[in-house]
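The same chain A turns up in both complexes below, where it pairs with chain B and then with chain C.
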Partner chain A sequence: MLAFQILIDGFAISALYALGATGFTLIFGVSGVLNLSHGAIMVLAAVAAWAGASMLHMNTYEGALLGVVVALVAAFATYFAVVQPIQRSRRIPNEEKEIFVLTGTLLWGIMIQELIAYFFTNNAKTVLPIVEGVMDIFGVRTPRNEIFTAVVCCLVIGLLWALVNRTRTGKAVLAASMNPRGVTLLGLELTNIYIVVWAIYGILAGIAGVLLGMFLGVSSYSVGPLTASAFSIVVLGGLGSVSGSLIAAFVVGYLETLTAYLVSPAYRTIPALLLLVIVMYIRPQGLLGRR
Partner chain B sequence: MADFFKSRLFWISLIVVVIASTLPLYVSGYILGLLTVAYYFGVFAMAWDLLFGFAGEVNFGPTFLIGVGAYTAGILNNEYGWSVYLCIVLGALAAVIAGFVLALPALRVRGPYFGLTTLVAVLILQNFIVVFAELTGGEIGLTIPDVITINAGVNYWIALGFMTISAIILYGLSQSPVGLVLQASGQDPVQAGALGFNIVKHKLAAFVVSAFFSGLSGALLVFYFGTASVGTVVDVAVGVNVIVAAVLGGRRTVLGAALGAIFLIVAGEFLRPTGELATFIVSAVALLVVLFFPGGFLGAALSREARS
Partner chain C sequence: MKRKSSPPIMRSVRGLIGGTVLGLLTLAAGQASAADAIKIGVIAEAQAIAGASIPQAAQLAADEINAKGGVDGRKIEIVTYDNHSSSADSVRAFQRAVNEDKVNIVIASYISEVVLALEPWAARLKTPFITPGAASNEISKSVHNDYEKNKYTFHGYLTSAALALSVCDAAKELLVEQKHMKTAVIMSEDAAWTKPLDVGYEECLPKIGLKVLDHIRFSPDTTDFTPIFNKIEGAKPDVIITGISHVGVQPTVQWKNQQVPIPMFGISSQATNSTFAKDTNDAAEGVLFQAVSGPDVPVTPKSLPFTQAFKAKFGNFPSYAGYTSYDEVYYIADAVKRAGSTDADKLVAALEKTDWVGTIGRVQFYGKEDQFTHSIKYGKGLITGLMLQWQDGKQVAVWPAEVAKGQLKFPSFIKVTSN
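The block that comes next holds the complex of A and B.
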C-alpha cells in the first residue's frame, strides 16, 4: 500500500521535475547559458494561469494556455534583454561572460519575483486543475490531476525528443550543442538556433509551471527553491545532457518522496542535497556529463 | 604597494574614513545603526570579491561561511555563556574550518559546478538549522544573551574600525604577489600552473582568508543584533545581496565591494516608502549596472582616471 503510494506520488513529482529541468539543460547544452531566472519564469506561468482563471474569468484550458504564452514571452525577454546584451558586450571579457550571465539572470529573476509579489501578493496560489476527482490505482486513492500531470510531462518530453531527433530544426539545435562553429560553417545562423531554443525553453518552462501550479501550488517564495532544484538536477545528471537530467530528476524525485513518507516531511530535501555533494566529490561532471 | 600611498584612491579613502568616523558626533542613532549593518555587510562583500574578482571562483554560498561564523558564536554564547570576544574568535575559526572543508572538494570542480557546490552548502546548513531547532532556535531565530555594547556610537566605531582594518588587509593581499598569482590562476589556470605556481594552494588560501573575514563579520553582526536567524545571516537571498553588492561596486577592486554594500543598504532604506517595490528597484539598478557598466562604480571611476 505505502509502496504503491510512494511509487505513484514519486513518479508524478519526478516527471514534473524532469520537465522543469529539461528546458534548463537544453539552453545550457546549446548556448552555454545557465538561466537563473528559471524558477521565476515557472512561477510566472503558474500565476498567469491562476490570474487568467480567477481575474479574467477564463476556463482552465484558456488559463493554462495564457500561462504558457506568458512564459514564452518571459523567456524571449530574458534572452533579448539580459543574455544577448551580455554575450555581445565588448566591455565584458569573454572568460567572465558566464559569471555575468549568472548574475544578470539572477537579478532578472528577482525582478520578476518582486513584480509577482507586488501585483499578486505573496500568498500561495493553486491553479484550478484541468481534470478533477480521484481514482483508485492498486488500492491507492490518487487525484486524477496527479495522473494528468505525469502523463502530460511524459508526452511533452517525448515530443521534445521527437523534435530534436526527427526534424531538421531539431537536428540543427543538436548540432549547435555539439559544435557551434561547425554549424555556422554549414551556413546556419547561430542566433536563429538560439531563438528556437529559447522558444522551446519558454514553452517547456510554461507547461511545467502551470502543471506545478495545479499540482502543488506556487507562491513568489517558490522561485529560489525551484531554480535551485532545477540547477541541482541538471548538475547531478551532467550539465547539458538531457537524458542525464531525466535520470537525475527521477532519482531526486523518488529520494524526496521516500524521505517524506518514511522519515519526515521536514527532512524532505536533505538526502537529495547530500547525494548531490557526494556526486560532486566522486564524479564532478555528473552522471552522464561529457566534460 | 608604495605607489598606492601616493595614489588618489588612497587619499580619497583616508578622507572618507576620517569623515565617517566623526559621524556619531552629529547624526542620529538611526542612521548610525543603518551604517553599522552596512559596514559589516561591506566586509562580507569584500571577502567575496577576493574569491570572485581574484581567484575567479563564483561562490554562491557566501552565507555558508557567514552563517557558520554567526551561529557558532551565537550558540556558544547562548549555551555556555562564554565571553563575547571568545565566542567571536571561535566563530571566525569555525568559519575557517568550514571554508576549508568546503573548499577542498569544491575547488576540484570549476565554474558552475563550484558555484552549485557552494549553493548546496548553504541549503544544507539552512536545513540543519531548522532540523536542530532546539540548539539553533530554528526558523524563529536564536536569541543571544550578551551584546558587545548597547551604545550606538561605540557599535558604529567598532564596525567602521573592523571594516577599515579588513579593507586594508584584503586590499593589501589583493595587490601583493599572492594576489597577482590568484588573479593569474583565475584568468588562465593552465598557464599560471605552467609558470610553476601551485594554483590549488593559492585558491585554498584565498578561500580560507575569505572565510575568516566572513565568519568574523558574521559573528560581530550577531552580537550587534542580539539575535541570529536564517533570514539575516544564512538565507540564499542574503548571499545574493552580497554578490550584487560586490558586482555593483566593481569586481576585482575589493574597496568597491564595500562601497556597493553601503550603497545597497542605504538605497534600500531610502526606497522604503515604495514598499514592496524596493527590492525590485534595487535589482533593476543592479542589472542596468551589470549590463552597461560591467566594471561597477569603482571600476568606472578608475578607468576614467586611467584615461585622463
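The block that comes next holds the complex of A and C.
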C-alpha cells in the first residue's frame, strides 16, 4: 500500500520536474545560457492562468492557454531584452559574458517575482484543474489531476523528442548543441536556431508552470526554489544533456517522495541535495554530462 | 562676447549652501508639524493579503478621528513602510521611522519573527510599538522578563497560548459535544508562533476529550502536502487541528483535490482573508478557522460599521490584522488623550491602562506581574475569538452561539459519522 503510494505520488512529481528541467537544459545545451529567471517564468505562467480564470472569467482551458502564451512571451522577452544584448555587447569581454548572463537573468527573475508580488500579492495561487475528482489505483486514492499532470508531462517530453529527432528544425537544434560552429558552416543562421530554442523553452516552462499551479499551487516565493530545483536536476543529470536531466528528475522526485513518506516531510529536499554534492565530488560532469 | 561662467568649485559651493538652507527649512517645517500631529509609523507586509490591510485600516481610523477634530486638536498622521515580509527591512524601517520621520509610536507586522526582531529596537530607541497580528508567546514574555527594558512593546493580538485556548473552547462545543468526536491529529507549520501553539494544543485538547493521535510539524516551504495528508489519514483521526499561517492555500487545495475525508479545524490565517475562496478555487469549502472577527459578525457594535467602511474604501474586506490595526489607532489616540502627551514613557503608562471596546471585543492589557505582560487579555467579556467556516463561498460564524449564523456543514467527501 505504502509502496504504491510512493510509486504513484513520486511519478507525478518527477514527471513535472522533468518537464520543468528539460527546457532549462536545452537552452544551456544549445546556447550556453543558464537562465536563472526560469522559476519566475514558470510562476508567471501559473499566475497568468489563475488570473485568466478568476479575473477575466476564462474557462480552465483558455486560462491554461493564456498561461503558456504568457510564458512564451516572457521567454522571448528574456532572450531579446536580457540575453541577446549581453551576448552582442562589445564592451563585455567574451570570457565574462556567461557571468553577465547569469547575473542578468537572475535580476530579471527577481524583477518578475516582485512584479507578481506587487500586482497579485505574495499569497499562493492555485489554478483550477482541468480534470477534477479522484480515482482508485491499487487501493491508492489518487486525484485525477495528478494522473493528468503525469500524462501531459510524458506526452510533451515525447513530442519534444520527436521534434528534435524527426524534423529538420529539430535536427538543426541538435546539431547546434553539439557544434555551433559546424552549424554556421552549413549555412544555418545560429540566431534563428536560438529563437526556436527559446520558443520551445517558453512553451515547456509555460506548460510546466500551469501544471504546477494546478497540482501544487505557486506563489511569488516559489521562484527561488523552482530555479534551484531545475538547476540542481540539470547539474545532476549533466549540463546540457536532456536525457541526463530526465533521469535526474526522476531520481530527485523519488528521493524526495521517499524521504517525505519514510523519514519526515520536513526533511524532504535534504537527501537530494546531499546526492548532488556527492555526484559533484565523484563525477563533476553529472550523470550523463559531456563536458 | 563670451559669457563668463563661474568656476565649477563655486557652483558646487553655492549648491551646497542652497541645499543646506533648503534642508534647514524642511527640518524646521518638519518640527513644527511634528509638534502638531501625532505621528504613527505603520510597518507592514504590503504584498501579503494579511499585511496589506494593516496600513489601510490604520489610515481609515486616522481619517475618522481627524474628521472629528483629532485628539485635543492634534491630527493623527500615518506614515507607512513596506517591509517585504523581511525582518531586516522592518528594522531599517523602524530606525527610519523613529530617527528621521520622528514618529511617536509604531504599529508593525503580523509575522512573529519580524516582531521579535523589532522588540529590542523599540527598547533601544525607546519608542512604543504595537503588533496587530503576530502571535508568539515570546513577544509578551520578553516584556515580563525584562520589564524596564522591553515595556515599550505591546502585543495587540492574542498570544499563541490564547489562540490554542480559543480553538479548544470552540472544539469542545462544536466537535466533542455536537459531533461526538474523540480523536485528533495536530498539523502545524514549523515557525516561531506555532511552538507555543502546539504546546497549548497538546495540553488543552486531551482536557476537552480529544485524544491527540499524532503531531505533524512540517517546513513552511512545503509545497506537496500529499505525504502529510496520507500520514494523517493513516492515523484515522476524527479531525485535523491546524496551526498554519505561512501556508494555507496550498494545503487546502490539496486537501480537497485528494478528498481527504477528515475536517480541518483550528488556526488557518490565510482562511481569514476574504479572497481565500477565490485563491483556492473554492477548495476552502468546509474549512473551519479561528478568528477574532468576520465580515458579517457583530462582535461589538463597532465591528460591522468598520468592515463596511473598509470595503467601501478599499474594495475588499479587511484581513484579521486590519481589525486590530484599526482598533490600535483608536486606543493609541485614547492613550494620548489620557496621557496628555506623546512622551514615550507617559504613553506606555497610559496604554497599560487601556480599556477600549474595539471591533474585536474589549481590549485590556495584562500587567507587569502577569505571564504575558502587555498582551491583550483573553476571556469572556473581553476577547474570546470566533470560529468561522467557509460555506458557499462565504465566511460564516459558527461559534460562539451568541454570534453564530449557521451550523457546521461539510463538503460531501468529508466523513463526519456521528451526528
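Here is the rule we go by: the second predicted complex is superposed on the first by the 291 of 291 C-alpha atoms of A that agree within 3 Å, B and C clash if a C-alpha of one lies under 4 Å from a C-alpha of the other, contacts with A are read in each partner's own complex, and residues count from 1 in each chain.
Operating definition for what follows: a residue touches a chain if its C-beta (ideal position, glycine included) is under 8 Å from a C-beta of that chain, and two chains touch if they have at least 3 such contacts.
No experiment lies behind these values; they were computed from the predicted model shown.
Enquirer: Which holds for A:I110: it touches chain B only (first), chain C only (second), both, or neither?
Expert: After superposing on A, A:I110 lies in contact with chain B but is clear of chain C.
Enquirer: Answer with first, second, both or neither: which of chain B and chain C does A:I99 touch in the superposed model?
Expert: So A:I99 only meets chain B here.
Enquirer: Of the two partner chains, chain B (first) and chain C (second), which one does A:L273 touch, if any: first, second, both, or neither?
Expert: First partner only, chain B.
Enquirer: Answer with first, second, both or neither: which of chain B and chain C does A:G187 touch in the superposed model?
Expert: neither
Enquirer: Under the stated touch criterion, which partner chain does A:R91 make contact with: chain B (first), chain C (second), both, or neither?
Expert: The answer is first: A:R91 touches chain B but not chain C.
Enquirer: What is the contact status of A:G139 with respect to chain B (first) and chain C (second): first, second, both, or neither?
Expert: neither
Enquirer: Quick check on my understanding: which residues of chain A belong to both its chain B contact set and its chain C contact set?
Expert: Residues 117-118, 266 of chain A touch both chain B and chain C.
Enquirer: In the complex of these two chains, what residues of chain A are touching chain C?
Expert: That would be residues 5, 9, 13, 53-54, 117-118, 121-129, 132, 134, 141, 143, 145-146, 216-217, 219-220, 222, 225, 257, 260-261, 265-266, 268 of chain A.
Enquirer: What residues of chain C sit close enough to touch chain A in their complex?
Expert: Residues of chain C touching chain A: 47-49, 52, 85, 190, 216-219, 221-228, 230-231, 247-250, 253-254, 257-259, 270, 273, 275, 278-281, 283.
Enquirer: How about chain A: which of its residues touch chain B in the complex?
Expert: Residues 34, 82, 85-86, 89, 91-92, 95, 98-100, 102-104, 106-108, 110-111, 114-115, 117-118, 224, 228, 231-232, 235, 239, 266-267, 269-270, 273-274, 276-277, 280-281, 284-285 of chain A touch chain B in their complex.
Enquirer: Could you please specify the touching residues of chain B with respect to chain A in the complex?
Expert: Chain B residues touching chain A: 52, 56, 58, 105-106, 108-109, 111-113, 115-117, 119-121, 123-124, 127, 130-131, 187, 236-237, 240, 243-244, 247, 276-277, 279-280, 283-284, 286-287, 290-291, 294-295.
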